[in-house]
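Down below are the structures I want you to see.
Okay, so chain A shows up in both of these, paired with chain B first and chain C after.
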Partner chain A sequence: MSTAANKLEARNIHKSFGNMEVLKGVSLSAKSHEVISILGSSGSGKSTFLRCMNLLENPDEGEIALDGVALALARRKDGKLYAADQASLVAYRTRVAMVFQSFNLWSHMTALENVTKPLTLVLRKPAAEAREIAEAALSQVGLAAQKDQMPARLSGGQKQRVAIARALAMSPEVILFDEPTSALDPELVGEVLAVMRGLAEQGRTMIVVTHEMDFAREVSSKVVFLEHGQIEVEGSPAEIFAKPAEHSARWAEFISRTRN
Partner chain B sequence: MMDLSLIAENAHLFAQGVWVTITLVSMALAGGVLLGLPMAIAQSQRIPVLGRLAQVYSYVFRGTPLLVQLYILYYGLAQFEAVRASIFWVPLSNAYVCALIAFTLNSAAYVTEIYRGALLNVDRGEIEAGLACGMTRRQVMWRIIVPQALRTSLPAYSNEVIFLLHASVVASTITVIDILGAGRTLNAQYYVVYEGFLTAAVLYMAIVAVLTLCIRWLERRYLFSKA
Partner chain C sequence: MAVLLEYGPLVLSGLETTVLLSLVSLLIAILLGILGAVAKLSRHAVLRGVGEGYTALVRGIPDLVLMLIIFFGGQTAVNELGFRTGLWDYVEISAFWAGAGTIGLIFGAYMTETFRGAYRALSVGQLEAAQAVGFSRLQTFNHVILPQIIPLALPSFTNNWLVLLKTTALVSIIGLQDVMYNANQAGRSSQEPFLFLILAFFIYLTLTLVSDAGLKLLARRYGAETR
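On to the complex of A and B.
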């Protein structure tokens, strides 16, 4: 199963919070240039799974591999798996970026500073070069003019686009999106999805936890439906959207409910 | 009635008092932040032994009056032969130094509490964003958590500044000629009451007025909206 062709791979991820088992052995692999959408009702474990993929949550079991190289994990006293060493975790996280539901821009920095800070601090780029990269990333998401604004002065859609620019500036090999449009007012969802479609067209490798069925169907190369901490259905959108009932009753029900 | 010429003739006395008060309070505030910020971090991060020590420290220093702390330092320690024989006696026998130490230790305790709350209030998501892009915990602490905490605690901290300025009058009870000390000296020399105290009051008010302007400026410059 572990082939070098897989860009990012998570194997058999188990995770519980206390007595509640949220992930019961979830595996997922993304090839380069693939866009994977993870769907599922709330509580299905989809966000937890994504957060396990960059160790913001520490799984109970499982493996993560980037370019076929497993991230070294070590079990701590709490029974969870942590990165075995700080340096490889940092290296991994610079290659696998994350975009959050609530944007999580640093509220004491301008939009530009939000994008340059990881470049200078983590990638150790000189300030001038970081600024150049950041300005290019902000232009790409259509926010060149807003670069000196504080996050509080931006709309939700603009904030999320800055957050996407922050991820892009790191030149990551994979971008994880954790429900990037769920916290937005409906009229602001479009601008963020448009940016994400653009990234997909550029051939970015993306794993997207989302409720946007149209995005999943039209943009992704693979759709994964998570239910009760397990993968219920997995396949190309053409396969699994066409005759959902042939794949799973739960999946068919999920689709019919989201169409209303 | 008030004799204004008396105040004018003794302007140098008040000038010296203003200088003493300002240096004493600003050094104590600086020391308070240097001591208080690490203690606040130790507490907010639940660092095993240090966090608990910081908690006890702030409990003791906020639990006792500043005047009592000052007297213990200035009068109390002198009772011990060992202290008088030690090299610490040179600074400890000086009232100004004792006041500086007491104010610093006291301010550190209050600053610890102000910053502890502010550190804990930093948005969890912003911390995760730092970690997710590869920052170490230390980088997240010094680049995201601390800068935000220092900014959000500006209003509370400015209260502490004014509080310490006013509390610093206790220095005059151990012979330090600060602003109130200057006022008391004037009153004692000329057998008057109002001249010394009123001048001191006006001077304190003037300093607070300037401080308030500085704080407003800092808040406009650094306080950011969370929304």
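On to the complex of A and C.
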């Protein structure tokens, strides 16, 4: 099933909230340096799928593998799958970083501390080294000058760039983005997308849940369209954007809706 | 004036009991408050029920009734249990521990609400971010939850502490020689009850004003850090 070339692979993910089946067996694999955009209307399950990929949501069924090695999962009393042991979950999460829709910076720490904390606490870096890495990450997202600001003093776009720096500093092999621009004012979307384009150009492996059609079309190597908890269309942007109606009526309808 | 000089030291000698009792009660209240909040926020229905029951019970019963029940009833219960099981002989619950236990129990319920409210004001997203970078539960508590809960809980905590401090005056009922008890004694002996009640009045007022100022200073320090 899994080929060694796959960096990150999720197989047959099922997830229900109560009686509502949100994911009906979704599989996705990302090769190294690939940028995958996951599109879909709200309620299609795209964010839930991404959250299952680092176990912020616990799936009912499915497998996750990094570099062809499956993350050990165990079923608990509630019927859902959890990481079998905490150590391998932590190891996995240091390799697969996450950027959230609402930034989720720790509001009592400065921008710099938000980036250094995971380095010192999880990767056990000495303070000086952590600071160096964090400052480099912050300047990569263009925020070297704002490093000592508290999150409340930053704009939404700046907060999201700090959150990206926090992810980058861990030197992850894959970065998951959960609607990274959806909580931003329209005029701030550009600065975050620019940073993400830069990361894609560097060859970062990224999986991005997004509403930004231009980003999906121009930056990603693969686009996945999710509808009612299943993959409706999947392919390279060139393939599936050109003649959408040939792939799926729903996909064509989705494109025409987002164009207006 | 001579009366004041004669009996003043007696009243002041109650200060040690009042302060010590307040601090021990506070410690018990904080511990019970943490346990109560953890129980009420738990995923397990049984634990939530225990937490709910605890706070509902304590908030619904007058402090004095609880204190007398624990002092007299607790005494009987402990000895009855010892007699029935044959595990221990007669024990006497000291007025100090009965008082501290009762006040701790009462204010533990209020602290439960204080801590639970502060925790719920934390954003879920910040906790998810901690999970996503690989923090352990303990690291999340120490580095994300605690530093944010302290400033959130401090105003309500301060309020609880001030009420707790005043509630310790109730222990004079069970014979503990605190400021209130001694003031009452001094007033009776000297036949100047009003004078010594006024003295107690100022002692309590000083204690509350000093601790209020101290906690406000702490709040300002934490406030400055989070803003």
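Just so it is clear, the second predicted complex is superposed on the first by the 260 of 260 C-alpha atoms of A that agree within 3 Å, B and C clash if a C-alpha of one lies under 4 Å from a C-alpha of the other, contacts with A are read in each partner's own complex, and residues count from 1 in each chain.
Here, a contact is a pair of C-beta atoms (placed from the backbone, for glycine too) under 8 Å apart; a residue touches a chain by one contact, two chains touch by 3 or more.
Just so it is clear, the structure is predicted and the values come from calculations on it, not from any experiment.
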Fit-or-clash call for chain B and chain C when the two complexes are aligned on chain A: clash
Touched partner set for A:L105, first chain B, second chain C, both or neither: both
Contacts of A:R93 with chain B and chain C, given as first, second, both or neither: both
First, second, both or neither for A:T116, with chain B first and chain C second: neither
Against chain B, colliding segment of chain C, chosen among 23-31, 77-85 or 185-193: 23-31
Chain B/chain C common contact set on chain A: 54, 56, 86, 90-91, 93-94, 97-98, 100, 102-108, 117-118, 121-122, 150, 152, 163, 166, 170
Contact set on chain B toward chain A in their complex: 123, 125-126, 128-136, 139, 143-144, 147-148, 151, 222, 224-227
Contact footprint of chain B on chain A as seen in their complex: 54, 56, 86, 90-91, 93-94, 97-98, 100, 102-108, 117-118, 121-123, 150, 152-153, 163, 166-167, 170
Residue ranges of chain C in contact with chain A within the complex: 123, 125-126, 128-136, 139, 143-144, 147-148, 225-227
Parts of chain A lying in touch with chain C, wherever the complex brings them together: 54, 56, 86, 89-91, 93-94, 97-98, 100, 102-108, 117-118, 121-122, 150, 152, 163, 166, 170
